[in-house]
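Following this line, the structures themselves.
What follows is chain A paired twice: with chain B in the first complex and chain C in the second.
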Partner chain A sequence: MVCDFFHPNIGGVENHIYILSVNLLRRGHKVVAVTHSYPDSRVGIRWLAPGIKVYHVPLRVLVSNATLPNYLTFLPWLRDIVLRERITIIHGHASLSSFAQEAILHSHLFGSGFESMFGWWRRNGEQEESREIRTVFTDHSLFALDDATGILTNKLLAAALNNVDAVICVSHTARENTVLRAQIDPRTAYVIPSAVIAEQFKPPPKPLSTDTITIVVISRLAYRKGVDLLVASAPRICALFPQVQFLVGGSGPKLINLLQMREAHRLQDRITLLGAVDHHDVRNVLVQGHIYLNTSLTESFGIGLLEAACTGCFIVSTRVGGVPEVLPKDMIEFAMPNEDDVVRALRKAIAIVTAGKHDPYRAHERAKSMYTWEDVTKRTETVYADIVKKRPTDLWTRMHRTLRLGPFAGLIYFIILLVECLFFLFLEWVCPRDQIHYVEEDWTMESFKQV
Partner chain B sequence: MRPLSDAHPELEIIDNLPLFIEYRVYNCSLTKDGSNRLRRRYGVSLRDVSHFSVSIYIWTVLHYPLVGGLLLVMLAHAMCTQLLWESLVVLPDLGLQIETARGISMPFFTQPLFTSRAFIPLEDIHDILINEGLHRWSWYYYLAIFQRPSSFKRNQLDLKLRLAFKDILPPLAVLRIVYHNARQILFHNVQTRGA
Partner chain C sequence: MDSTRQHSPTDDKNWERVLWRRLPYPDNYVPPRRFLESLRKNANFTPYTYSPMVVATTSVCQHIANIFTFLSVFIRLKERKSDPRYIIWISILLFVIGYASWEALFFFQGSPLRKDSRSRVMRSAILVFLALLALAPVLRTLTEATSSDSIWALSFSLFALHTLLADYTAPLPHDSHERLTSVLSMNAAISASVVLASRLDSDLSVFALILFALQVFALFPLLRRQLHYAPTAVRLGLTLLLSTTSVVLMSEHSHMVGWIVSLILIFINFVSPAVMVWAQREIRGEWDVAVPVVGGS
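This part shows the complex of A and B:
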């Protein structure tokens, strides 16, 4: 698993990678995570329970935990990791992670195809069985195709996914978005939604009384999470329904807008701001609410909606991205991403909850069975099994496909490919394979249970 | 002296119990024909010859005697401080000693010119373990000794990590032999699992 975004950083992608790794480990695979180092706290090699090895590569972080794309400086460390751990599948996550994209670009160098063409380092008489590294990429977010961020990152993504073996997206909308953005073959794109651990999100033991209706919002307070919609609609709802309380968790750059709105309309006792909420506290916040409000302007899957539905909340959300695919229609009320429609949807939701038509315990039972991590892991394993059967692309085909990216990007990436091959040959000379400390013992579930 | 073990000829165990036992790892490479014979890094390599010739050239032909002279001095220094061996000396009931031997790597120069030794008393040794870490462009297994000074003057939480075989970085199999034997002699217990 290669990604810039991994623990100790908290987030949806990090959580997804960790839980997926744990489940793959339980099914007997060996999982190694590669991420960047945190100079204060995480350097070198660390272990995460129950046996995931995490390599912290010392590359500098640029902004929001993403490293600067430096195609060649990552190669020495990645080469050493892939060779010593005898890795067969490289799984990259998150389009904004430069590690993931570079790992997928470098993967062809470690296989026996490249070695048979250029490998002077093979010992006399040693025949390697055909062993190629396969690559998988998981995309967690949606991107627009027409704004500045979109145009730049989409080209980078298209170059990285040019020769990938499989792409996993978290919803059908995300799959269409990724296929269009990265110009990949749609047959290589799979849809495997994310999941939630239902035991961590149980509804409250006693149902909440409907004298005061509490609307819960938990999100990072950024523009794309639609905080402006919340700021616009909250005062109107508070004016229309005197029994409604708001509970807002999370922090971010738009916190100041919320505070200003609260001051302006004098809603200090109606709107409670909790600040940043830890992941293990999220359930305790969600059980206090009848309704969960999500006003995101873009959302590929919406794991927060699933967590809230598990806890028994009624969901009100903007109809964007992959949100309509997540839950059945009677558990969620949609709104267009404008203020009037959000107010209309909230009005309807409050009516449903006040009339007692929404049963939190039944909602929990339904949501529990819809998305489970065992299902996700099994489907991911199917993807792995599929790609191992495919024939790998050799260097010549890879060069042709790279040149087809476009007049400028194609040429640039072709040059990068050539320099990368030369650098790899240089590395084989400088750090020979017999000097590498190969890993002979791994943690398995049995040894973990013994300890 | 116990003879060199077959699979790892660079490790030599000098057994002088009950006084001490020394685990010495020589700086050598194995021959590449797969027979695992020893090939010590003797003599003068191509790099030394080219360094020498470049410095002589700068001195005489280009007439920069200071620069050429400086390069010659650097070459002499490099040739005299080549790594010969590193060892871990286990003294039962006393402690551990980490040694690094440097000198001229020529056939008839058997004794090192410079040896650096560091002794760690037994009370200070908190634990010995094998871990993996990053060094330049590679990830290596290393043998680490946790030193916690037990003197009453120092802060009890002052934990230092001392590395054995820091410059040679032998493979895991060699480290495991040293690890198990050192633990058995010092702490009188043997790890049953090779974790």
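This part shows the complex of A and C:
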């Protein structure tokens, strides 16, 4: 698993990678994670329970936990890790992670195809079986195609995914978005949603009383999360329904707007602002609510909705991105991203909850059965099995495909490809393979259980 | 797992766009009719047509013509072909004409300016005039240590910045709030003119040039923005006037430069809208960031 975003950083992508790795480990695979180092001495090799080896590569972080895209300085580290651990599949995550994209670009160098063309390092007399490194990429978010950042980053993504073996997207909308952005063959894109650990999100032991209805909002308070809609609709709902309370968790640049709205309408006792909520506290906040409100303006999957549904909340969300695909219609009420419709949806939700038509325990059972990590892991394994069966692309095909990227980008990436091959040959000469410390024994679940 | 392979790939009757249910299709199944069904190409698309774009581009043309007019005045002052006092009088005259047009414009638009704003404007104009008079000797020695070549390069980049960042949009009647980029662009132009003025010899010519620069780069753009609401003929006429002025003034120094200037103006005003009209496309879909609508009924 290669990604800039991994623990000790907390976030959706990080959690996803970690839990997926744990489940793959449980099914007997060997999982190694590669991420960047953290300044206060978190460099080198760490172990995460229950047996995931994490390599923290000492490359500088640029902004928001992503490293600077440098196509060649990552190569020596990657080569060392891939050879030592005898990696067969490289799985990159997150479009904004330059590690993931570079790992996918470099993957072809380690295969026997490349070796057969240039490999003087192949030990004499040894018949190596055809061993290629396959690549998978998981894309977690949606991006626009028509603004300036979109146009540039989509080209980078298209170059990285030019020769990838499979792409996993978390929703059908995300798949369409990724296929368009990266111009890949849609049949290489798989739709595997994320999942939630149901045991961590159990509903409250006793049902909440419907004398006061609590509406919970947990999100980063930024423009993209639709805080403006919340700010506009909350006073109206509070005026229409005197029994409604709001509970808002999370912080961000738009916290000011919420505070101002609260001051202006004198709703200090109706709207509670919790500030930033730690991940392990999220469940405790969610169980206090009858309704979960999500006003995001764009959402590829919406894991927060799933967590809230698991905890037994009734969901009200804006109908954007991949949200319509996540839950069946009787567990969620949709709203168009305008203030009037959000108010309408909230009224309907409050009516449903007050009438007792929503059963939190049944919602928990349903959500539990719809999205399980076992299912996600099995489907991911199917993807791995599929790609191992495919024929690898050799260097000439790869070069042709790179040149097809476009008049400028194609040429630039072709040059990068050539330099990368030369650099790799140089590395083979400077750090020969027989001097690498191969990892002989790995952690398995049995050894972990013994310990 | 075998149940996922039941249906043939061409039969997408049972395919639904849901994630909460396992569909009897493999994960990488591409529904032939429904894939990218929400893709809308060129939906909110009122294509730009040529003539309105040409009229809109006249603002850019006016800016560039202004810059060249200023440059020709600079060259005249530098080569002492004109008397600085003449330029000062022209600047003052321009100020008076400009302010009168400003008031007339607002009057015709139906929201005449208040009486105290007039006295405020007069007060600040006189203050600026006197401050410049005091500062001119200092400004003259500003770039003594720098060679002329770097000055030309610096002023070129600053004028380029001014053209790029200028506010070409029509002003909203209730919103007189200046955008950051338009303030930056004015600053760039004034810096360029200060830097050029410091190449001149006498204090009076420095003062003249900077006063002229203030009229042309700080006050005239405001007036031109207000002219957005004037009839098209006025805008076209003004553009023509400014362009010919700049071309004529530049040709006095060198014919070739005159040709280059006219070529640039024609290119920007007529060729670039054509290119823009040719290159239009739009692509939208479900994944786009929604635009929230607040403050409804």
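Heads up, the rule we're going with is that the second predicted complex is superposed on the first by the 450 of 451 C-alpha atoms of A that agree within 3 Å, B and C clash if a C-alpha of one lies under 4 Å from a C-alpha of the other, contacts with A are read in each partner's own complex, and residues count from 1 in each chain.
Basically, a contact is a pair of C-beta atoms (placed from the backbone, for glycine too) under 8 Å apart; a residue touches a chain by one contact, two chains touch by 3 or more.
Predicted model, so just to flag it, every value in this text is computed and none were measured.
Legend: residue contacts after superposition of the two complexes on their common chain; A:Pro207 is shown touching neither chain B nor chain C.
In the superposed model, more residues of chain A are touched by C than by the other of chain B and chain C.
In the superposition on chain A, contact is made by A:Trp77 with chain B only, not with chain C.
In the superposition on chain A, A:Asn177 contacts chain C only, with no contact to chain B. Of the two partner chains, neither chain B nor chain C is touched by A:Pro39. In the superposition on chain A, no contact is made by A:Pro253 with either chain B or chain C. In the superposition on chain A, contact is made by A:Arg224 with chain C only, not with chain B. Of all residues in chain A, only 43-45, 55, 58, 76-77, 80-81, 84, 123-124, 427, 430-431, 434-438, 440-441, 447, 450 touch chain B in the complex they form. Of all residues in chain C, only 1, 17-22, 27-28, 30, 35-36, 38-39, 282-297 touch chain A in the complex they form.
Against chain A, the residues of chain B that register as touching in their complex are 30, 32-34, 131-134, 137-141, 169, 171-172, 193-195.
Partner chain C is touched in their complex by these residues of chain A: 142-146, 166, 171-174, 176-177, 179-180, 186-193, 224, 226, 228-229, 231-232, 295, 297-298, 300-301, 318, 320-322, 324-328, 337-340, 370-371, 375, 378-379, 382-383, 386.
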